[in-house]
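Given below, in the form of structure tokens, are the structures.
There are two complexes below, and they share chain A, which is joined by chain B in the first and by chain C in the second.
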Partner chain A sequence: MTHLSVLLAAQARFPAPEFESYTLPEMSLEELASDSVLWRVLVLCVFLVVGSLCFYKWRSRKAMLAYSLAGLAVFGFIFASCPCPVGMFQNIAEGVAAGSYIQPGVLLLFAIPLAVSLFAGRVFCGGACPLGAIQELLHWKSVFVPRPLDRILRLIPVLLLLVFTVCAIFGIGFPLCYLEPYLPVFLLDFATPFAILSAVFLLVGLFISRPFCRYVCPYGVLLRFFSMFSLLKPQITSHECVNCRLCEQGCPNGAVLPPENAETAVQHRTGSRRISLLVACIPFALFAGGLFGYFSAPVLSSFHRDVRLQNELDAGIRSEAVEAFESTKTTHEELRARVVKLQNGVLLASTAAGVLFGALVMAELIAEARRRREEEVYSIDASLCFCCGRCYAACPLERKEKHHEK
Partner chain B sequence: MTRRDLIRTGLLAVILAPFAALFRKREETGTGYFWQIDPDKCVQCGKCETECILPLSAVKCVHQYASCGYCLFCSGYYQDKRIEFNTAGENMRCPTDAIIRTYVEDPYFEYKIDEEKCIGCGKCVKGCLAFGNGSLFLQVRRDLCKNCNECRIAKACPADAFVRVPADRPYIYRKPPEVKS
Partner chain C sequence: MKNDEMRRTLRFLQWTALTFILTLGLLLAYDMYRSRAPIKQAQDELADLKQQDLADAKLAKTVRDLDYLYRSAYFQTKDKQRRGVLLLGIAFFLLCGLFGAEMFWFAPKLKVPRGTASVPEKERRQLLIFASCGIVVMAVALAVLRIVLVPSEAKKPAQIADAPNTTAEQSGKAKPVQTETIDLLAALEAEKTQWPQFRGSTLPNSNALPASWDFQRKWSSPIELSGNNSPVIWDDLVFLSGGDGKNHAVFCYDANSGELKWKTAAPPAANMPEVTEDTGYAAPTMCADSKRVYAVFATGQVLCLAHDGTLLWHKQLPDPVIMYGYASSPLLMGDKLVVQYDMDEKQTIFALNVFTGETMWQTERESAQSWSSPKAVVADGKGMVFTAGNMCAELFDLETGKRLWSQDCMGGEVAASASVRDGKIFFSNSGAFTGALGVKDGEILFRNDDSPAPDVASAVLFGDQYLLFGSGGTIIAIDAADGHELYEEDLDNGFYASPVTVGGKVVAVDLDGVLYQFEPEEDEIEIRGKFELGKKVVCVPAFHKGNIILRTAENELICLEAKQ
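Moving on, here comes the complex of A and B:
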């Protein structure tokens, strides 16, 4: 009966009566009070400036904690998380693909953290991102992820970024919004099935620092890339490093790199042999990635509304969607043509994304095998640093200086 | 200028480039976009009530008085299987008693939605469409909606009734019915 009611929509079965002493009330639909997104952009700018000052000028762990706390309160609870910069790459991808509606506020929220990361690294992750802030504050004891495992897990966000971009471009959906594990906390609504996901992430986060930022967040991939070219580099101490190793042990995110001594000739030879082997493997990796993308395309497109509808029509299921479709003027041929076009598009994009992923995996492997620039002191990898300030607190020279200042 | 500086400038330009295009496009597409329900596509499946990320859905019923028939026996107000035409709970369509009925003049009654109570289930909308003028319909309230990156109701909507609207026209009204003369 549902489709029938749509057909009969808005009919004047009962003409409006002519009243003697009664005026029609106004419809009370409130407009948006102010452009809240632009407000948020402004607050975000203030946060990023303050955060950069806390991290690069005052160099204090306590200030960074206060920054995270403020970020959690303002962006997590007052602005209630949605829409968040983390998921906004999907809006941008969809908007660009459809050639329409990218709200200036949305674009700004997406672009500002990236632009700032070119100058001050990932201060956004440090606390202005509510997801980062809650993980920063609810971290108890650090369990270190072994470096090879960390490297492998760090590829997950890259894959997610590619897959989610394909999904957004073809209107399949914004899957990241379902993976975002802290939303029930921000909305204080624990009666949803998503609360299980938040519990899991919060529990893991107690021991492994920032599990979402490091192994899920696709926006973090972009920030990681951009912050490689950051103007300001975090520096553990301005004094002469005594190589005490405390900062490396203090960093739960694996961003502190130990000093690399000059290699022996044998090590150098095995290293270069490994690199040439990896370079030889590149075509195979690209092919494997493409194959992976090609075969996952039907899975991706099956989540699209039209494809699901087509499947239901083919299987003869009388769902609400089928009834709603039959009440519209779209013919079955039009729907089928749309579905075929979509499936072809997804197939092409998914294969391309697979090839790209293969290339990125190889780039990561080669970067790992490559000899780093020789450094004699402990240094920070800016692309992995979440600007938490733990290394400042761990460094004995920094502590001594702070003590003298007082 | 080092290579690193060059890359930084290039990336910054890439980030800032879309803004130039954006302001040119501003007039064509309106100043923004928000989720809204197209009342003509809506099939009142009830998912608006349950799928919204907010504990109490941002979707509420609105009443377009201009197309209301002010019926004595309103099919949005009374259940199909009512026992009597009175305000006892078993006779009412609205599960939360959010429709306020006031007497205007014989035999006409005004129906008003109590927004504090409305949960956006769309039962009254269905009733109104089935036998009445369709003056009741569901809309996403701008003052409540978070405008998520992806609306969960839009994803679950079987009729694809969720559309994006520009900020200066955030509501979709039903066309007032043609009055038979």
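Moving on, here comes the complex of A and C:
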């Protein structure tokens, strides 16, 4: 596929021979497009089942590494970054917004990982996602992001999800594609500036575990939400935790939660006050979020081709878009009416998205402000766990059991 | 020891793969950069050769050989790069595998951390601090993005209201728009002494007729652009418009000297519709009030200018696709400029704010294309707009655009406009309808299906008679009370220019430029004056201080004054 696409692109760049005897070869793009998506769905299902077994039944870090490597080969290089957590989300969002036909295969690729996360958490992120796989494998030395900062940065994908949903609904374009840093690697097309972004993320990924999954991936937000209700919860060890804290050291993703000691009276008072304060702040947060969305609307609208065209017309710029527009039968009034309608729509949607974001931020802050259950064991936050199995490998009790099994 | 060797081997392989990737990547990047220039040079060279005489067999062979050579070189380069990139991908996958293998066989060495475990209380405080910082960062980022991406005019986030289409600020000739209220009745009253729109004023015109019907040219001026619109006059300024397939403009002449005072070009049109020669690009007659003039072109552009020629606003109406070309004249009623916009596909009546060009209301009409002009109706101090089109005659409320009634009595190609008096609307157009409708409810008071009706010129009311001026040269008078034909008069030539009533007489000009003064009698029409201009005229004459100002079909503006 890559070979053909390179050839097609190359032929398009060089004009066809002008001799009468030359006949243009037939380009059968349909053949490329008909590459069976359902076949990929089947392979994905197999991967997710195998991944779930590796993580929950065999509880093996090594198996998860093999799973990642296989995922990278199959979904990354053979299927050319499919399923792509960025493209999938964007395709579905735009298809739903436009009311256009969505291929069942594409829909299944989008829905199956979410459905599986209701049973087995984020097994998809563990290795079936090519982006997750490449980050999992190309990680060298872990630099830990402080937990509070990590929690705040994890709100970025939520914001991106909301922003790009608004963009998809109003046909503002595909800005999300610019944030798919590993695509050049999988497509073997190192055109700048994407190649630079790839290099940056790969470099960062050597030290900070899964920077894309944690701080960018919008599909990960959905998986995180669904995996909160997962039937199977990852457990560091089936034995009695000795509180060695190795698992906490072993997890660079901040998914391992330390136990909390019994609270003192002072802590109880402080905690109660903090939660009360946060609850009282909810209306302000909603208002601030709405305000943020409201003032973001012109920025979002400015990416829409009609708004860009209108701005160029207003500024008297003679761009190609302006010339193309003038060659159509669309009048200035129709264009302006379209722009005003779009801006009003974006304004409402963006404000609503801002309110929702404010609500989600407050939910996150309140959730973090609450005390964890007083269990003297290290536990895993299923919504944050990427099912990499590092904690299994770190846990001395698990290692001991594996040794005995051998 | 064995493990250490294996780990060293893996590390060595990782470094090798990494070095290979970096080296190959750099070489490929350099190769891609280097191959650009020769390809461009080859393409330019070929293009130059192809411009020469390729009938020369030797040159043609050279071109063919070079084309093959360059083409082969191009695809060989591409093939080489493709292979290089493929190799890069394999190396990359191997590197991933090597990293994975190290993790597979050598779990990271973890040490039991020193010190106490992380303190959740402290982390919670930090979380709130980071959250506050995040809010600040987001606010700053948003501010920067707005500065960089959003043009200053569009920074107001709320644009719920329908913005004025194109204001003077965008035309480069900015002039602050002032809004004020205009009393409709006072405005109509003020029109009576002027000649402000199609067929003069809405209320009976008080201009005087020339002292005699024997004329001499007071002045004449050429008009730069052709047009079938009639001149309109406010005080001593004559306004008219012109246009061709490229340029459109409004012209202002001194009514006393004929001097061209100014010319203002319309902004470039978004669409240039097809029009017939008979219609042209500037058929709609302009409107004028004491401060502004308004022009509509076949391109769907509406222009408002000050009396000094400054463009105050410009509005583009929807796609102007209509057979023959757009020809309806706008109607000025107080603070509203009414435009009957009956296109092939969609028929709409617009009321535009005269100060801003903003659409105050627009009402879609269930009709077909027509070329008729709207007519002002005033009853009980209330303004209304009468429109005639294929299928229906309709009356709209001036303030709201609400359809007051609709009478399904029309048909054919409707081009004429109506006359209004005493609660009756008179209308006559060939193939459509000849008769009268009640202002109150649109009831057909009478109709005359027997007398031939005009197809271009609008009929005129005079006393008890409704006079139909046909394009064949026939003048028919019908009784304004019941519609029966009173008499018929045949003249030498037909009428395209609509007749008007001034100074108690009917004035009309035929296609040959013969200017008539009629006085209808009970059973015949008396010709009180006849003056041969000797030039074709299709436009309505305008009256100014006892003089007549005419636009000829030869792009000339002529002022006739009575001989002493």
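Worth pointing out:
Everything that follows uses one rule, which is that the second predicted complex is superposed on the first by the 366 of 406 C-alpha atoms of A that agree within 3 Å, B and C clash if a C-alpha of one lies under 4 Å from a C-alpha of the other, contacts with A are read in each partner's own complex, and residues count from 1 in each chain.
By our rule, contacts are C-beta pairs under 8 Å (C-beta built on N, C-alpha and C of every residue); 3 or more make two chains touch, one makes a residue touch a chain.
Note that the structure is a prediction, hence the values are computed from the model and not measured.
Look at A:R273: by the touch rule set out above, it reaches neither chain B nor chain C. Within the superposed three-chain model, A:K400 lies out of touch with both chain B and chain C [touch as defined at top]. In the superposed model, A:E320 makes contact with chain B only, not with chain C.
Judged by the touch definition given at the top, the superposed model places A:D189 against both chain B and chain C. Of the two partner chains placed by the overlay, neither chain B nor chain C lies in contact with A:K57.
Set against each other, chain B and chain C touch different numbers of residues in chain A, with C touching more.
In the superposed pair of complexes, A:F77 makes contact with chain C only, with no contact to chain B. Residues 2-3, 6, 10, 14-15, 17, 19, 188-189 of chain A lie in contact with chain B in one complex and with chain C in the other.
The touching residues of chain C, counted against chain A in their complex, run 25, 28-29, 39, 43, 50, 64, 67, 71, 74-75, 78, 82, 85-86, 88-89, 92-93, 95-97, 99-100, 103-104, 107-108, 110-113, 117-118, 120-121, 123-124, 126-131, 133-135, 138-139, 142, 145-146, 149-151, 153-160, 162-163, 165-166, 170, 172, 270-271, 300, 315-319, 321. Residues of chain B that touch chain A in their complex: 4, 7-8, 11-12, 15-16, 18-19, 22-23, 26, 29-34, 39-45, 53-55, 62-71, 104-105, 108, 110, 112, 126, 129-134, 139, 141-143, 146-150, 152, 155, 158-160, 164, 167, 170-171, 174-175, 177-180. Contact residues of chain A toward chain B in the complex are 1-3, 5-6, 8-17, 19-22, 24-25, 27, 29-33, 35, 37, 80, 82-84, 87-88, 90-91, 100-105, 107, 111, 114-115, 118, 173-174, 176-177, 183, 187-189, 191, 226, 229, 231, 305, 319-321, 323-324, 327-328.
Residues 2-3, 6-7, 10, 14-15, 17-19, 61-62, 65-66, 68-69, 72-73, 77, 134, 137-140, 142, 146-149, 151-152, 155, 185, 188-190, 244-246, 248-250, 258, 260, 267, 270-271, 274, 288, 292, 294-299, 301-303, 307, 311, 314-316, 325-326, 329-334, 336-337, 340, 343-344, 347, 361, 365, 368-369, 371-372, 393-394 of chain A are the ones touching chain C in the complex.
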